[in-house]
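These are the structures in question, set out in turn.
You will see two complexes here that share subunit A, one where it goes with subunit B and one where it goes with subunit C.
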Partner chain A sequence: MTELVTKIQEVLNEADVVLGWVHSAAAGAAVPAWFHNAVEAEAAVFDSTCVHNLAVHLPRLQDRTAGIVAKGCDIRSVVQLISEGQVRRDRVRIISVPCPGVVDVKKVWRCFGYGKKLIDAGGQVEMEGKTAPREEILLWKCRGCRDTAPLISDVVVGDPAGVAPPSPAERTGLRERFDAMTPAERRRFWQEQFSRCIRCNACREACPLCFCRDVCTMQTREPHWTGGQINAREAEMAQHIRINHLAGRCTGCEECERACPVGIPLMLLLEEQNRAVEKLFGYRAGTDPEAKPPLLVFDIDNDTWDSER
Partner chain B sequence: MSGVKIIGLLCNWCSYAGADMAGTARMKQPAALRVVRLPCTGRVNPLLVLKAFQEGADGVLVSGCHPGDCHYNEGNYYARRRLELLAAMLPALGIEPERFRYTWVSASEGARWTEVVEEFTGRVEALGPRDGGAA
Partner chain C sequence: MRIGVFVCQCGTNIAATVATRRVVEAALSMRDVFHGESIQYTCSDPGQRAIIDAIQQKNLTRVVLAACSPRMHETTFRRAIAQAGMNPFMLEMVNIREQCSWIHSDIDTATEKAIDLVRKGVARVRRQTPLHAGSVPVTRRALVIGGGVAGIQAALDIADAGVPVTLVEKSPTLGGNMARLDKTFPTLDCSSCILTPRMVEVKQHENIDLMVSSEIENVRGYIGNFEVDIRRKATCVIEEKCTGCMICEQKCPSRAPDDFNAGVGESKAISVAFPQAVPLVAALRKEYCRLFLKGRCSVCKKVCPAGAIDYEQEDRFVTERFGAIVAATGFEQFDWKKAYPSFGGGLYPDVITSLEYERMLSASGPTGGHIRRPSDGAEPKHIVFISCVGSRDESVGRPACCGVGCMYQAKQAILTKEHIPDSQSYVFYLDVRAGGKGYEEFVRRATREFGTIYVRGRVGKVYPRNGKLICMGTDTLAGHQVEVEADLVVLAAGLNAAGAAAGLARKLNISYDMYGFFSEGHPKLKPVETNTGGVFLAGACQGPKDIPASVAQAGAAAAKVVSLLSRAELETSPMVAEVNQMKCTGCFKCREVCPYGAIEEQELRGGRRVAHVIGSLCQGCGLCNVACPPAVIPLKGYTDNQLIAEVVEVLREPEPASSAGASAKAVEVAE
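This part shows the complex of A and B:
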């Protein structure tokens, strides 16, 4: 019985359900699971394939007490949901796990092929004899992670201080190419990217902070911000709506990009926005349950960027 | 005619009145600007700007009351934050940041209004029309 299983079982004494992960042989990786009792909880695991941000389920579990196994970055989403009044602090039990970074499943498939068991052996990741340096297949957000220490938690598994965050990455590959593009080139780039969008709204469903569900502006026809047609123009506007509504709220969990079935690099835009929010307003979403969102407040004396324009 | 289309989102109480004053005083100004009158810059959803670009605008100008002069006391303070963030996002979205400007023009500043329109129109004309139509 691992420490994680024991702690989940303890939390189940006071919670109706605990959100966590189990290993799936079919997926060759961890998949999300809901534990309702001690027997179910015995299958709980945490490893570097536990990529999902389970906080996405919390706003819909407010009729009961829910436990959640959460990485440092997932806890930021919970904090943001608490600050927006979507999750009650007394309805959630946070089980913090020490996370040395989780893998980008798409990078794993590219390196090793689909659906084989991944073994995390210290600095390296191994699959059926083939190895890859761990940092090369981690999610982009994990590089230079600032959230290894849990902001808030009820139960701590392991020692969060014993985890060294992966080293920060240079902006290589797609990010390096994107940085070098002119606005006109970026426009063509996004037209090409959004021409692949199938309007499945997986980005929205996977996002812990897109909790509006059936009253989403992406689907309103009055006013007609965007249509339902499957083309780059409408898809891009839909994404502008989503990104705009995540301003000062996005915690950068990368779930939208991971969920996208056609691989649109949405994080290029959200990372840009998060950097701008931090630079302009000195605000990082999900770091303070008492914080007011930066776009719902103003600072008369210090908001003077217009003088520079 | 330069051939560029510029959308102006103007607050009713200051900039619209300022533009009106410039017109009444028969001050010359470029005709590329199409004005939309709004109750306040606090009404300016950043998506209005992006939608204008998507629908074929070559430039978008937002103008309202000077900070401290808002008819609703604080609308332009909220607008300032939203619009500054939008301006920071434009290059990543593939829109030249020079195609967007937000500024403050009061009802008595007819002369300043023509200066703002001339400067902004010149800037957008230098870039030319945006290619392709859709944002």
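This part shows the complex of A and C:
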């Protein structure tokens, strides 16, 4: 019985459900699971394939007391949800796990192909005999992670100080190419990207802060901001609504990009916006449950925006 | 759905640039438009009659009016269509005058634009729903902010009409800037002689509650029902006990700058502003008081025969409700020192402002009415008045005219000659602006009877030489350089709104210009109103004004207040936000952004917490509408879909003109 399982079972004494992960042989990785009792909880695992941000489920569990196994970055989403009144602090039990970074499934596939279980051993990761340096297959957000220490938590598993955050990475590959693009090239780039969008709204469903769900303006008729047609123009409009609505709220969990079945690099837009918010207002979403998001505050004496121009 | 489109010619205001008949034809081809008509003057009686007839004969259910700005006539037409039996809000005004005919010259382009605008209006009105106005009770009490001549006049006029007034003044006495003046132009009557009786009247008026040493902390609410927090500043003097004997001031060992005397001379940490102050009470300024700075003194407490000193006093807050607010916060002189290094930038003690000079002229001033050079106390013989310092001067970024400088310079020149008969005054001026009644004659007197020398031109530099101040300037009429040796230089520094005006404007939710002056509702037709209902302006807080104009505006503001408060109830706009609670996610971003506190939390069955708009508090600003992520808090009459429909129509590529639609319906042109 691991420490994680014991802690989950303890939390289940007062919580109706605990959100966590189990290993799936079919997926060759961890998959989210809802534990309702001590027996179910015995299967709980935490490893570097626990990529999912389980905070996405919390807003719909408002009528229950819910526990959540959360990485440092997931806790930021919980904090943001608390500050937006979508999660009641007294109704959530946060089980913090020490996270040395989680893998990018697409990179795993590229390195190893679809496979069996991923074995994470120190600096190396191996699967079916093949190995790769660990940092190379991590999610982009994990590189230079600033959130390894849990911001708030009720139960701590392991030693959060015992994990070293992965080293920051240069902006290589797509990010490097994107940075070098002129505005006109970016325009063409996004038109091309959004021409692949099938309007499945997986980005929205995976996003812990898109809690409007079915009333989301990406699909409503009242108001009718975007049409339902599947074309680059409408798709881009819909996505820009979502991204604008995340200004000063996005915690950068990369779930939208991971969930996208056609691989649109949404994080390029969100990272840009998050950087702007941090630079202009000194604000990182989900780092202070008491803070007011900058775009909801009218501070006439704050001229950061003016000086920026 | 049956829409009628009426296109106003506005005489030639619109018809000269927009082919109204073509607009009507185009409108008739639009979806659901069953009637189109071009009318010479829609707002005229026959014009309104034509609208009513068309509504009744053709069973119209919605009306688009292409005419002037809705700010001009929306109410007129709402009333007209209500007369025809329609809901008054089923009307869309399309502005083809201010936003089309007046700003274009080419008929074809302007007509095309007018058609686009009408198409936009039709698209919008198609999505309009009937709205119904509510009503709120009115608090019959007025707040006047500022105790200068404008505030005094407004308070007295309102109180005389039987409406209770609270007059809030930030300094310890009424009087404002006018109390500082010696004589007033163009009659040279004594300023305080005409002002102090009014100050006393305020104090004694049964309907006026006077709060001096008080400031506005916070304003909530809306027209008819404001809730105002007032800070009663601690003066360490119990107002009810103080008799104004001034013994404390005589004995106080702590020197302090003399605010009332515009910094000329010195005062004490505890003082009475001036002998005729109303109320006649002392006030202590802690920042200069030895007791508060060094912890030892309390002389004033020992000597006060009335036992009125209370060092423990702290700021108190009172909250009161008002139906209307008059802002009368006045002006202050522009701080010229930074902008004019060429005049010494404050380095030469004998370069002073006109208000400082005014205190020197005043018999109750620090020099007892004797003109003395600040540097050595000598009587100046040559006095140079420089006009337009920080006004009409784009080189310092202040293009506006101060409005009173020319007149008070003439007055000060006359008074100077009366005080020192062997003196010579010079006035450097740009133009003499003496537009008021008896003003031009007054300036003539200054030159003819009192020998003031007027030199037309700016002074470029003032510098000291052998104990004199040399004013170098140009005489632009003679076309040569002039140098005047002056003993004293008096600057007519431009006017700004009082320092705290911008902060007050934010609390009152009214706008202000680059000088801090509050913006009136309309430069001609709403000169004392603001864009916030129930907030009115009086005096120089709205722009530079002399005393007669300030008093007149105060009277006008008072009339507006009295008329507003004579009603028991006010109709509220139905164009307010409303939450679709089925879809509300309960994130309360709307509550964060609402400037009126109009959004509250409601719990639905099942415990779901959602937002709710308190209709009587909502001002229809639309901020919540923008902040709501799923956009489920529409502003009635301005829903997202109405606005989207407008945008879509404007951006739509023009379709090839089809005459079929137009010919099927009759076009009526009343000419």
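Things worth noting here:
Rule of thumb we're sticking to: the second predicted complex is superposed on the first by the 300 of 309 C-alpha atoms of A that agree within 3 Å, B and C clash if a C-alpha of one lies under 4 Å from a C-alpha of the other, contacts with A are read in each partner's own complex, and residues count from 1 in each chain.
Definition applied: contacts are C-beta pairs under 8 Å (C-beta built on N, C-alpha and C of every residue); 3 or more make two chains touch, one makes a residue touch a chain.
The shown structure was predicted, so the numbers you read here are calculated from the model rather than taken from an experiment.
Here subunit B and subunit C are compared by how many residues of subunit A each touches, and B touches more. In the superposed model, A:Phe298 lies in contact with both subunit B and subunit C. Once the two complexes are laid over each other on the shared chain, residue contacts for A:Gln86 go to subunit C alone; subunit B is not touched.
Looking at the shared chain after the overlay, A:Cys212 reaches subunit C, while subunit B stays out of its contact range. Touch criterion not met for A:Asn37: it reaches neither subunit B nor subunit C.
Using the contact criterion defined above for the overlaid structures, shared-chain residue A:Ala184 touches subunit B, although it does not reach subunit C.
When the two complexes are overlaid on their common chain A, residue A:Gln124 makes contact with neither subunit B nor subunit C.
Look at A:Trp225: by the touch rule set out above, it reaches both subunit B and subunit C.
Of the two partner chains placed by the overlay, only subunit B lies in contact with A:Met237; subunit C stays clear of it.
Contacts of A:Thr2 after superposition: neither subunit B nor subunit C is touched. In the superposition on chain A, the residues of subunit A contacted by subunit B and by subunit C overlap at 225, 296, 298, 300.
Subunit B meets subunit A in the complex at residues 45-47, 50-51, 54, 67-68, 74, 77-78, 80-82, 84-85, 87-97, 101-104, 130-132, 134-135. On the subunit C side of its complex with subunit A, the touching residues are 506, 583, 585-589, 592-593, 607, 609, 627, 629-632, 634, 639-641, 644. Listing the residues of subunit A that touch subunit B in their complex gives 183-191, 225, 232-233, 236-237, 240-241, 243-244, 247-248, 268-269, 272-273, 276-277, 279-281, 294-296, 298, 300, 303, 305-306, 309. Touching subunit C in their complex are the following residues of subunit A: 63, 84-86, 211-212, 215-217, 220, 222-225, 245, 292, 296-298, 300.
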